Amino acid sequence: MSSTFGRALKISIFGESHGAATGGVADSFPAGEIVDMELLNKMMARRRPGQKHTTPRQESDAVEILSGVYQNKTTGTPLAVTIANTNCHSADYDNLKFVPRPGHADYAAQLRYNGFADRRGGGHFSGRLTAPIVALGAIAQQILARRNVFVGAHLASVWNIADANFDAVKLDRETLLAAGKKDFPVLDDNAKLLMQRAIEAAAIEGDSLGGVVECGVIGFPAGVGSPIFDRIECRLGEALFAIPAVRGVEFGNGFACTQLKGSTNNDAFIAGDPTLRTATNRHGGILGGISSGMPMIFRAAFKPTPSIAKAQKSVDLGTMRETTLAVEGRHDPCVAIRAVPVVEAMASLVLLDFLLGEKPEFLR
Amino acid sequence: MSSTFGRALKISIFGESHGAATGGVADSFPAGEIVDMELLNKMMARRRPGQKHTTPRQESDAVEILSGVYQNKTTGTPLAVTIANTNCHSADYDNLKFVPRPGHADYAAQLRYNGFADRRGGGHFSGRLTAPIVALGAIAQQILARRNVFVGAHLASVWNIADANFDAVKLDRETLLAAGKKDFPVLDDNAKLLMQRAIEAAAIEGDSLGGVVECGVIGFPAGVGSPIFDRIECRLGEALFAIPAVRGVEFGNGFACTQLKGSTNNDAFIAGDPTLRTATNRHGGILGGISSGMPMIFRAAFKPTPSIAKAQKSVDLGTMRETTLAVEGRHDPCVAIRAVPVVEAMASLVLLDFLLGEKPEFLR
Amino acid sequence: MSSTFGRALKISIFGESHGAATGGVADSFPAGEIVDMELLNKMMARRRPGQKHTTPRQESDAVEILSGVYQNKTTGTPLAVTIANTNCHSADYDNLKFVPRPGHADYAAQLRYNGFADRRGGGHFSGRLTAPIVALGAIAQQILARRNVFVGAHLASVWNIADANFDAVKLDRETLLAAGKKDFPVLDDNAKLLMQRAIEAAAIEGDSLGGVVECGVIGFPAGVGSPIFDRIECRLGEALFAIPAVRGVEFGNGFACTQLKGSTNNDAFIAGDPTLRTATNRHGGILGGISSGMPMIFRAAFKPTPSIAKAQKSVDLGTMRETTLAVEGRHDPCVAIRAVPVVEAMASLVLLDFLLGEKPEFLR
Amino acid sequence: MSSTFGRALKISIFGESHGAATGGVADSFPAGEIVDMELLNKMMARRRPGQKHTTPRQESDAVEILSGVYQNKTTGTPLAVTIANTNCHSADYDNLKFVPRPGHADYAAQLRYNGFADRRGGGHFSGRLTAPIVALGAIAQQILARRNVFVGAHLASVWNIADANFDAVKLDRETLLAAGKKDFPVLDDNAKLLMQRAIEAAAIEGDSLGGVVECGVIGFPAGVGSPIFDRIECRLGEALFAIPAVRGVEFGNGFACTQLKGSTNNDAFIAGDPTLRTATNRHGGILGGISSGMPMIFRAAFKPTPSIAKAQKSVDLGTMRETTLAVEGRHDPCVAIRAVPVVEAMASLVLLDFLLGEKPEFLR
């Protein structure tokens, strides 16, 4: 059990933060799809550490494709990628052998694997494991974009500072993909300044901030999704909760729907061609687990990075005595920033999986 | 693809609202577990329609066990249950053949199944499909309780009226299971009065209300769960989003964590025996996808019932002209009430699956 | 883990020989397919006990469809069937509580389920569990036949008496389906007489005979199947070994291919329209795990029924002393006869699953 | 769908014969297991090309472990291996772009992947894909051996020349592992000489020979396996049919059981401590899909290598005219020789998966 998911498109992820490499296998993309490495590398760059406001760990995150691509096109058989780890400072983690970081997987993983897990840099629980997800997701995103299905996300909030929201009814390609083209993934540049200032202040204090990532999808065909356990929400939810630090997921107006009455929350149908549309889009493009043809909207909440320089109380597992821990290492003051392409990647993989399983003719 | 989930414990659900029966198969519970039918029926009664503040459709929801139980104990082979549908008023749904209900799966399902789905009463998308989930979940819940793992939920809010919250650190068995023993599933009886008044008012207006269900788990062993795609959040998230009307899921302090700094959000470890504890429990008992040994806390947001008597705009699919729809039928003014045992059932099935797959010795 | 299989079409089987019912869930057949109950019942009749040369246990094997069919057509959501057990003589099995039958699952199941399995009539290990497989397989077979894919089997041998073989190159629909229309499933009526005589003789001696079932498929499109673990052989093999009493499975010329040189075993390609054909068909319609477009041919070996009236040596598990056992009950002198439609059903389910997963446009 | 299998232990295989590398991911081995690279490399050497009587392609088959091992022990998280391809002569395959080899996957794969598959050297269908299976299987085999479960195989026959058989009752560790320690994997050295002579003669003729591999398992605990679709035969069958060139699989006395009467085929139980034994072992250690505690015995039939130097008839797919093909390249005259460790690897992976899923306490 564990690092494998998907139905028609199975994804298997492997690696540790300070091991030889991280990587993943996609079994399998449809055959004959061009893999645009330049686009893929741009997507990787958005997630890459060493940018401003992120961890100073420098990694080139060069993606090597080991299989499944021939003459620049997918073969239809398993596509494997690896991303070498090149800049590991294992010494930074030495005290973690005994004192688990509050808010982090350290202690739970210690119990789970009877002490045999590679804990250096968080091991298999590190955010670096999202690198192969982005690499494979970028290929899925390209395959979808070729069919005019676009997946884009932005940082909807950092701490108490909000970006503009996507317009769930009129969402167009330009707006959807705008944040992904900027050096800081927001729609509103005023929000950017406030967020950056807050992040810098937190970093100086040796602290960290959380945030919400909002993702939109346009062009996805209506009538895809299955009842009960394979609702789109089930599988997007499963995939989004697989991203480290995600604590909540919501679709459409999400938790806010509980504050509305049915007569206000329901979206009226209006005639459309060839499929109906809705006048409003509180349902976020998914009804009964099935795509309605309206833009999909969903959000994931990322907690503030647990690894912080500020002193925190923990327990030395050697002596079982309480102690104080200040995490040195190199950590993101706000993981939500680099999580934006990860959310896009996960969503692209899940939606491509649904199309392969339920509507493969859409991919022809 | 669709109505099947789980790893070591596979659940398959079938049925339509106005068909012969709904049912489910669990493959398989551990062998030798007593099935307490009285407790199971009490759990069913909490979900049953025809109670006050719920749909007037009367169903006895009698559970028949077809296999997997011998001399009152589980055999370890597939356990199948059916629940006959006895009180179907199919005539109520006749106009739905042409005019999809806003906010409901009708239209999306029509596209998904090329018009062949049994739409009577919502068909396979009906809330009645949660009946076999509760029946199987009740058995899982009994198996867990026998090991002092308790799963309980309550209605944390209806519309803008909040119940008391679980205390995530001190949560005890009595509080956890209190709401499930009442006729209206809240902790605070003042909240009950306000909620019931609001629901009655909405019902009179032909409208409906949403709500949030909060679920807690105590006694679950630390160190269970797997990284990336089999985190506990992934699989509980997948299962909770499988309940009709759920639009959001959060763990621990959930979306609220994005408003805190890391230094405040992290829960300090304190020495404990045999496993560490945390002084606070914003992480909701799950760290890095793995149980920490602290009480688990999570919430699901239920939208207001989409089927309402108030007139709404929709489209006649025969003529493709816009029209107005008032849903007659018999509907819950607030589905969140009856969803409380469904959340417990789903959580029990997922957590038992984790134990079977990762820590079966706990079940011996 | 256990009684669930399939990818795009998931099958879950439940029941015990002397419980309330056996049944199964198919999740899900394509929507809009007519379910011809007359044909389905004919298929059931071929498997039904109480015929000549089979166990005298009388069961009507009436199939009840609980879900997934509306107005005589599949809805596309899970289709559940049950078959009530009506003629159980549990007393026949009383001594089995202590003395396991040689060659039977009794003892292994006792260990597997810590003594909690329902052993009456073999419980979940009984051949009766093939009844729901035949019911669901009959629906799959009808869906395939509507696309001119035909699946048919016959009794290739009983003990040392051989039937004629299918002609792997020229196999036509009439020959393929001939045995299924007879009261004894062979191609050659002389073989029938010899086989029946041998079976009657064995029955009189209180003994039993094994046999080989050969299955053919015509009309299946070329280019379906996947490399490595989802080869057609993998999944047909998995499914055929799931039938009680199967001890060997082979494709094309099977084990005999090891006696040939490559130059003789290879089948030369010849031009064909639209796909190539082969001059001979030793490969049995599958190359590299993928359908070649030639008729598929495979065989399953069924051991002689282990439950026999003749005295056999076993051990009383109460006293752990060796003893002698003569199985009373009502048993088939040759299970291979009734296994013929079960092989067809399994093959139909697997092949439909492949089409749903890899070539759904073929089903439109 | 395709190159992924397993339940509690999921295996995903990737790579092409002439691509950068082949590899695999095991998700996941139990934590804390020593990985003995010397033993692993010995197992790889048994499968490696370039030995006498096998293809002259020289490959070092050096296994690189990318993840899942820390300080020489498994971490319990996904273990990924890669094996670089270093000696590819792609020119050898140029004419295959148009003329499919008889008996090979070329043509079927061309249809399956719409012409986008990497056909160089057989691509993903090449026998080289068994290299990562052997690497991962070797680790499984070591984990089993540490619990006194031993898996060993030998070449039971080549063409019409038979080796000695395993004694299914008295099989001991020394005999079981004997063939694996020799330069030619047989029990009887006279058979070796005859087989080698026949293989050399076939090679000189530009032809090839098939063979049967027999595998045995001792020390596997009784009472493991599940009814219906997760019988041990189902999953071993699935895995063995995943090895290129396998055309038949049988357990115990297999197809030969159909020539016996029940009274002769059944194995009498005899008292044993702590579990019963059987006086004979025609059932091959598996009863009703569950391990009986007796040695397991099964066999796989490998067809003669389809790629031969002798001229064969095929069709030029460019012109659609019939033509003659002599496969140049470098091919094994008898793939069954190198398949012996592959059978052991597959069996080890499947049996470890069963223990992880059903009897993990055995692995503690």
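Here the chain labels run A, B, C and D in written order, and each chain numbers its own residues starting at 1.
Operating definition for what follows: a contact is a pair of C-beta atoms (placed from the backbone, for glycine too) under 8 Å apart; a residue touches a chain by one contact, two chains touch by 3 or more.
From a predicted model like this one, the values you see are computed outputs, not experimental measurements.
Trainee: More C-beta contacts across B-D or across A-D?
Mentor: A-D
Trainee: Looking at C-alpha means, what's the farthest chain from subunit D?
Mentor: It is B.
Trainee: Provide the C-alpha centroid distance between subunit A and subunit B, rounded to the nearest whole angstrom.
Mentor: Taking the average C-alpha coordinate of subunit A and of subunit B, the gap between them is 26 Å.
Trainee: Report the inter-centroid distance (CA atoms only) between subunit A and subunit D in whole Å.
Mentor: Chain centroid spacing, subunit A to subunit D, equals 38 Å.
Trainee: Hey, how far is the Cα centre of subunit B from the one of subunit D, in Å?
Mentor: Each chain's C-alpha centroid was found; their separation is 45 Å.
Trainee: Return the residues of subunit D touching two or more other chains; collapse runs of consecutive numbers into ranges.
Mentor: Correct list: 1-4, 7-8, 13, 77, 112, 124, 227, 357.
Trainee: Of all residues in subunit C, which touch subunit D in the complex?
Mentor: 1-5, 7-8, 11, 13, 100, 102-112, 124-125, 129, 157-160, 202, 205-212, 222-231, 233-235, 237-242, 244, 246-255, 257-263, 265-271, 275-276, 278-279, 283-284, 286-292, 301-308, 310, 312-315, 320-322, 336, 357-358
Trainee: Mind listing the subunit B positions that touch subunit C in their complex?
Mentor: 1-4, 8, 10, 12-16, 19-23, 25, 27-28, 31-32, 64-68, 70, 73-80, 82, 112-118, 123-124
Trainee: Given the complex with subunit B, which residues does subunit D contribute to the contact?
Mentor: 7-8, 77, 227, 357, 360-361
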